[in-house]
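In the part that follows, the structures are each spelled out as structure tokens.
Here subunit A shows up in two complexes: once beside subunit B, once beside subunit C.
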Partner chain A sequence: MTQALVEIDRVSKRFGDYTAVTETSFSIGQGEFLAIMGSSGCGKTTMLRMLAGLEEPSAGEIRLEGCSQKGLPPWRRELPLVWQSLALFPFLSVLDNVGFGLKMRGVAKAERDRRSLAWLHKLELGEFASRNVMQLSGGQRQRVALARALVTEPKVLLLDEPLSALDAHLSVRMQALLRSLQRELGITFVYVTHSQTEAFSMADRVVIMSRGKVEQIGSPQAIYRHPANRFVAEFIGNVTILRGSVAEAGDQAIRLNTATGGMSVSRGNFAGAHGAQADFYVNADQIAIGDEPRHENHVRARFLSHKFIGNMVTLFLEVPGIDDDLKVILPERTYDCLGVQPGDSVVASWPAAAAHFFGGTA
Partner chain B sequence: MSNTSRRRWPLLLPPLLWQLTFFLLPLLFLFVISFWSVVNFRLEPDMTLKNWDFMLSRSSFWSAYGHTWALALGAAAVTTACSFPAACSLAFTVSERTRKLALMFLVVPFFTSYLVRVYSWQAFLADNGIVNALLSVVGIDGLPMLNSDFGSLVGYVTLALPLVTLVQTMGLAQIDRNLIEAAHNLRAGPVRTLFEVIMPLAKPSLVVGALFAFILAFGDFVAPTYLGGGAPPTLSNLIIDTTKSGQQWPRAAVVAIVMILTLVLTSLAAVRLAYGRRK
Partner chain C sequence: MMSGNGMLKIGRWFGWAYTGYTFLFILAPIAASLVFSFNADRFPSLPLKGFTTDWYGGTFTDPLVIEAFQRSVMVSIPVALLSTILGFCAAYCDFRFEFRGKSLFGLLMLLPPTIPAVIMGLGMLSYLSRINLAGEVWAVLISHVVIALPFAMAMIRLRLAQMDAALEEASWNLRASPAQTLWHVVLPFCKQSLVAAFLITAAVSFDEFAVAWFVSGLNETVPVRVLVFLQGQVSPVINAIGTAVFTSSILLVAIGMGFSGMGKAKRAAADSPAQPAGGAVTNNGLSL
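Let's look at the complex of A and B:
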């Protein structure tokens, strides 16, 4: 990883009896696009607000380029934030909104107008400079908020769910814009979101938080393929979690007895003894469906329902002896060729390499 | 008109009738008698402009008009300035519970009569009153406060302060906190945030609050009479004097109409200033 620009060192935040963030540590590299993801109340926004200085950590410390930010009020920090509500000033024109940060830094009017206008042109908003922000569309306002934060050329940009108010196609376009801006400027982005799509499509690394704690930090691929624990697996939702007792340990795979028969699971660095109970997960997109088993692990299941996500189809299968539905993700064309109907009996099978123990591949 | 609004319009009837009977008709009557004559201390229906001519051509009328304007403007400025710090702390620094409690206490002064409150100020402001007694301890003697414009202003502020604070607090409390935090985030410290963000956002409540103070002071008769001493007179003093001396109701009506027109125009200007279209 590149050199750490921001270090979050055992930071906790309590509001009265409520602990929003508990002893959290991680660092953010120079030029990195980091997404902090979690459901509401997981502490991700509190973390961002502490970075901006809008909340002071109850314990621990945040360092920017090695300098402690402790006790530094927000107006002395160089960490502009793009707000979920955008927080544009309704009494100022588009141009003056963008130039606000420069004005506060004492940049003369001509110079700040020139720099603001340059950013507006860059984000294709040049023609709206003299308009009132309230006259712009959601997507345009979004870009004004972005320009206002970037015009001061910060080292780190904080973004708090900035796309949550946009409709889907606009959100996709903004994601592309954000990603290309971040690459072009080489600025560190810290992006808080509850959307897996946003986090996984843009970020270099993703921090998954739950109840004030970090559950996993890693690249989108690593998190997708190898969730660190049950929480992450359920949150990402692309695996089915099964449970069994260790029957036989091999070099590559471990044989377990489960409620639906014997299963082979990649060994990884699993160290459970014979007879030990263990959870493991099966990647949904590595399961094959058919009339016959195609891999060594197989179960007979009843096809319950399906849903389309883009050009992929998620199938939900009922397997006797398993509480959760077995999730299978197939390309749409494969699904069409299968010709299965809800209620049909199918055989789901997968290789040992598609099944892993939690934390087994760190 | 839609079906629902047709069914609901009888609900509007009581306030409509009230306004018609006790506001619009008397106003019309006021306008009409401004053209009547007074013969032998009795009103006689007439159609003459001599009341208008008499009042508007006298310099004493115009100096009273100017004096009233100055006092009302002063009351608006002083009340706004006195209320703003309190409204800011009520809106931003205390809990919602405390704010509600404080706003309730702001209403408490209205439980006592305004006249009583103004009279009690006399005890404080008189030449040998409480304030002068306290000042004499530190060696300042005999500040004339009663029967001066200062006295009138004290009365106006007494009248308007609770209301103006209420209006300002409600306006400030509605400000989106994100905007204040956004200003801090863009390196505006507390003072710059106050001037660059909070004041522009609070402009409607500041202007409306000041307008309330202006209206209350402009028409008030109690403070300029009992604390201001009635000299130089305000327009309200002038109305009293005119009616007392020779039953000149038509001339008083002229003064009243000028006052009403002034307040209507001022209100329109203030509302335009407060909510005026931004480009």
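Let's look at the complex of A and C:
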């Protein structure tokens, strides 16, 4: 990450008795694509509105290029936002919608139109310039909203779930467009979403929020491989969480006694004493299925059900002694070769390197 | 035993008949006035005696009638302008701000049409005479603003209710100050309802009789002039004036409805389902 462009410093926001954001700090780098992800009510939209100046933090400070934004009303900030509802002006043409920000900055009409039109052409909307925004399709309006925010060439663009109203196909195309635009312009994007697919496919770094607090910040890969805590693990949903007591500590791995027998877990920087209880997780895509154990950790399980996501299959296995189902993710081809049916008894096995303690590898 | 379909048909037939009867009841006297205004006989009785436009000719050369018409126009235009401006301010305050006693404010704003006209007229007369305005054109103007303002406020408030709250925020976000936002975003958004409010408040003022009768003194407006005529004699001139007043009012209201979006209900329904509601409620407002 390069130098910090936006710094969020111990920011809190309270609405009466309700605390939307609690003492949150993180910084956003120049040219970074940052996604803030969480379920509804986690404080992600409040965070974005505080950046835009639409809400004032109850405590703490937001700095843009080192300058405190405290007390600065939204109309004095340079942080354009793309609204979830798009908030296009229905009484203006496409061209005038895009040119609105320039008009408010006192740019003359000819220059304003030239720059707006250039953006419309860039986003393949040139032919719609004189249309009313209400006559456009959802995807086209989306691009008008984007052009309106980008025409003033900001350093940071804020996006509030901009793709949530689009169908899946259009959403994927817009994701590609956003990603390539961001790379090309080198602008910092702060992208709020509840969709894991959107966040993980576009962002350089993802901030996972819950109940007004940051649970984890990291690259999509890091969060996917090494969730920081139980909340993130359950939110991302690609691991199974197990529990055991420390039996023997080795250099590389720690041996635990669990309800289903002894297990080896990567040591990381785990410091639990002998006999201590500890949670650990097993990555679903590093578990092998077969008739015989292929790795040192293995359990006998009953294959319950499965679901297809793209060309991957998630299998749910019932393991005696643990409450949750053991999740296994396999490529569809591998699953077909296995030839297992729901109800079959199988052996699931994984190496110590596929199991980790929470926070052990941060 | 009747089939469900048959019941539905009878129900629909009854609906049409009832609606037709209601309109007949409302429009028959007006139609009679229209017909008799072109009747050669000076008494409104059947059979008709022949076609004439004499009553119109006679009416619009009568200096008292001309003066009353001029006065009505001179009052209704400023009334419409003031009511629309104040109505917008009130509607925007109600839309944008949270303040103590907001519900009381809303109640007070919409109170005037619920007060019986005679009570309102008496109250206005006693108040305006205390400040030495009774009998002046100003008195009619002030009273009519009080009566017309709630209509303007209600229409504009309905339009504002259709505005995405993010629209103002988006404008601020694009560096428009609150004042610029009001001018470049809120007013254009409300434009149609502003024009509609202007026309309908003009019609309210042009038609208003009871309060004007109390406060106008010698400065008679058209409806007051009509009553004075009636008290003197039964003249077909009344029918001519009535028809002219009715025509101008209905035109104002119809154009106003068109601007408020009701006339374009079909197209608006495709854009936003909320659109025709503005027109429909306006309709209720008028029947208050």
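Just so it is clear, the second predicted complex is superposed on the first by the 362 of 362 C-alpha atoms of A that agree within 3 Å, B and C clash if a C-alpha of one lies under 4 Å from a C-alpha of the other, contacts with A are read in each partner's own complex, and residues count from 1 in each chain.
To be clear about the criterion, a residue touches a chain if its C-beta (ideal position, glycine included) is under 8 Å from a C-beta of that chain, and two chains touch if they have at least 3 such contacts.
What you are looking at is a predicted structure, and each value in this text was computed from that prediction instead of being measured.
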Overlay on subunit A: subunit C relative to subunit B, clash or fit: clash
Partner chain in contact with A:Arg148 - subunit B first, subunit C second, else both or neither: both
Partner chain in contact with A:Gly101 - subunit B first, subunit C second, else both or neither: both
First (subunit B), second (subunit C), both or neither touched by A:Ala176: neither
Contacts of A:Ala271 with subunit B and subunit C, given as first, second, both or neither: neither
Touching partner for A:Ser130 - first (subunit B), second (subunit C), both, neither: first
Touched partner set for A:Ala59, first subunit B, second subunit C, both or neither: neither
Overlapping contact positions on subunit A, where the subunit C interface meets the subunit B interface: 52-54, 73-77, 79-81, 83, 85, 87, 89-91, 100-101, 103-105, 148, 152
For the subunit A and subunit B complex, residues of the former touching the latter: 52-54, 73-77, 79-81, 83, 85, 87, 89-91, 93, 100-101, 103-105, 130, 132, 148, 152
Touching residues on subunit C, where the partner in the complex is subunit A: 164, 166-167, 169-178, 180, 184-185, 188-189, 191, 271
Contact footprint of subunit C on subunit A as seen in their complex: 52-54, 73-77, 79-81, 83-85, 87-92, 100-101, 103-105, 134, 148, 152
Subunit A-facing residues of subunit B, complex: 176, 178-179, 181-190, 192-193, 196-197, 200-201, 203, 278-279
